[in-house]
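Quick one: structure below, then a few questions.
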Amino acid sequence: MIKPLGQRVLLEKVEVEKTTVSGIVLPDSVKEEKNIGKVVALGTGKKLDDGSRVEFDVKPGDRVVFSPYSTTETKVDGNEYLIIEEKEILAIID
Amino acid sequence: MIKPLGQRVLLEKVEVEKTTVSGIVLPDSVKEEKNIGKVVALGTGKKLDDGSRVEFDVKPGDRVVFSPYSTTETKVDGNEYLIIEEKEILAIID
Amino acid sequence: MIKPLGQRVLLEKVEVEKTTVSGIVLPDSVKEEKNIGKVVALGTGKKLDDGSRVEFDVKPGDRVVFSPYSTTETKVDGNEYLIIEEKEILAIID
Amino acid sequence: MIKPLGQRVLLEKVEVEKTTVSGIVLPDSVKEEKNIGKVVALGTGKKLDDGSRVEFDVKPGDRVVFSPYSTTETKVDGNEYLIIEEKEILAIID
Amino acid sequence: MIKPLGQRVLLEKVEVEKTTVSGIVLPDSVKEEKNIGKVVALGTGKKLDDGSRVEFDVKPGDRVVFSPYSTTETKVDGNEYLIIEEKEILAIID
Amino acid sequence: MIKPLGQRVLLEKVEVEKTTVSGIVLPDSVKEEKNIGKVVALGTGKKLDDGSRVEFDVKPGDRVVFSPYSTTETKVDGNEYLIIEEKEILAIID
Amino acid sequence: MIKPLGQRVLLEKVEVEKTTVSGIVLPDSVKEEKNIGKVVALGTGKKLDDGSRVEFDVKPGDRVVFSPYSTTETKVDGNEYLIIEEKEILAIID
């Protein structure tokens, strides 16, 4: 398992079906990864001067939108993950 | 639905009719998106040290002017949105 | 109407007659916009920690010199405006 | 007249006679503007938290050396001026 | 031995077997170094104003993921090492 | 005379004889200016909040090594000078 | 002698024998200077507000690893030196 450090979050990429307004699912090749991912694990939390840790606004399982170019890709045991600072997560998709 | 995080705002693009001074509506192709949008949803608000959240100067429904190159585009359920930091919103159009 | 946010100011461009020292007005094409504008409206003022707002050094009607590359152009109801941070306004022309 | 804002200064360019050591004045084309200017007017002074204004180290009439690339040129009523932050003025020439 | 200074960490590169999902080990040439390393030694710790030193979140032996382009390579006694600031270590692989 | 402002220093370039180890003085063309200069005058000193001025670590007459690309050249009354922030002076040559 | 200023350190370059694992010393041309140097002299130490000076973590004679591109080269009395900020020294080689 991967345990992020500080105020970082571990994400899995979410592939978004590219569908036209009328609902036709387009072929794989045009799958849009409109910088959307799913939260897998939370980090240790940023250390504050008094020794406490900052809480997170997101939780495992949340589908989120993140800033492009703000993730580090890594591959462990064959699985691909993204590691991102929480402040680069822009929104939660209910 | 998309819930922005922190002091961010969710916008929809507003297409501005390109009209000459004499009022003739020009064809689609020259529709100017002079960085104008409509507020759809407000974020959770920036967390202050005392745990309170910063209030917003804009509200849902406001037509606003924003800095170019300061938005992240995303597409959810077929709808296109812009996510922006409130400090990049320059003015409200009454 | 456009209401700037924070310590921003709404300007109109001022076209400066390009005249030689001897007073001959040169043709339109060489009209110099030596980054000079006229104040149209003041923003809401920057919020201070105690909730008060910062006052402005400029006022509507002032002719001002501003830093090049520091304005955002926008067009509303056919009129062109510039939106600028007050700190980028360099001087007032009496 | 031009009234600079904050800790800015209004300068006139000073053209320096390019002379060889033996005193021969070289033709116009090689007039060196080794970033030297003359102070024309002082700004309103930077506002401090207690409402007071920062004093200036230079005064009108001083010949000064300034950092290259740190001035904004403007032209008002046919006269060319430079507007500069005082901190970019490097030295006073007695 | 190499003793890092401040909040730095000494790492050894970890070569990751590039295997397809079905488990076939690919040839050397495609060994992926997906910015993964092993902690060899901790630094002296960042000095705080009261003279104490900041503790580390990682410990010797940990397998870690680090930001690309954030390490300095060095070679001592024939061994290759990476020196990195702890804040560039993104996660620990349990 | 030139009076630097703030924590700046006025330097003269020092031309360093390019000599081989065996002591042969090489021709003018390869005179190395390994960013070495001589202190000519000290500035007014940086103003502190309590109105006092910061002292200098260098004094007129010191031979010093300075960071490349950190000086502004100027020429007054036919003499060439360098103006530099004291923090860009790296060392004193005893 | 060269006396560095502030929290700077004077280094001499250390040439590292490029040897293969089996111990064969490679020719001069491939001498690796894997950014390793020897401490020659310590600076005056960074001035703190209370007038005291910051202590150094390194001492003359230490062999150290430093960040590439963080040194200024200079040559005095025929000897080549490197001047570096202590914070760019990454580790001490025991």
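Labels for the chains are A, B, C, D, E, F and G, by order of writing; each one numbers its residues from 1.
Quick note on the criterion: a residue touches a chain if its C-beta (ideal position, glycine included) is under 8 Å from a C-beta of that chain, and two chains touch if they have at least 3 such contacts.
Every value quoted in this text rests on a predicted model; they were computed, and no experiment measured them.
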Rounded to the nearest Å, the gap between Cα centres of subunit C and subunit E is 52
Per the C-alpha means, the centres of subunit F and subunit G lie apart by a whole-Å value of 23
Residues of subunit A that touch at least two other chains are none
Among line, ring, star, complete and other, the chain contact graph is ring
Check: ring from subunit C, direction subunit D, yields C, D, F, G, E, A, B
Residue set of subunit E touching subunit G in the complex reads 1-6, 8, 10, 43-44, 72-76, 78, 83
Within the complex, subunit E is touched by subunit G residues 16, 19, 21, 32, 34-36, 57-58, 65, 67-68, 87, 89-94
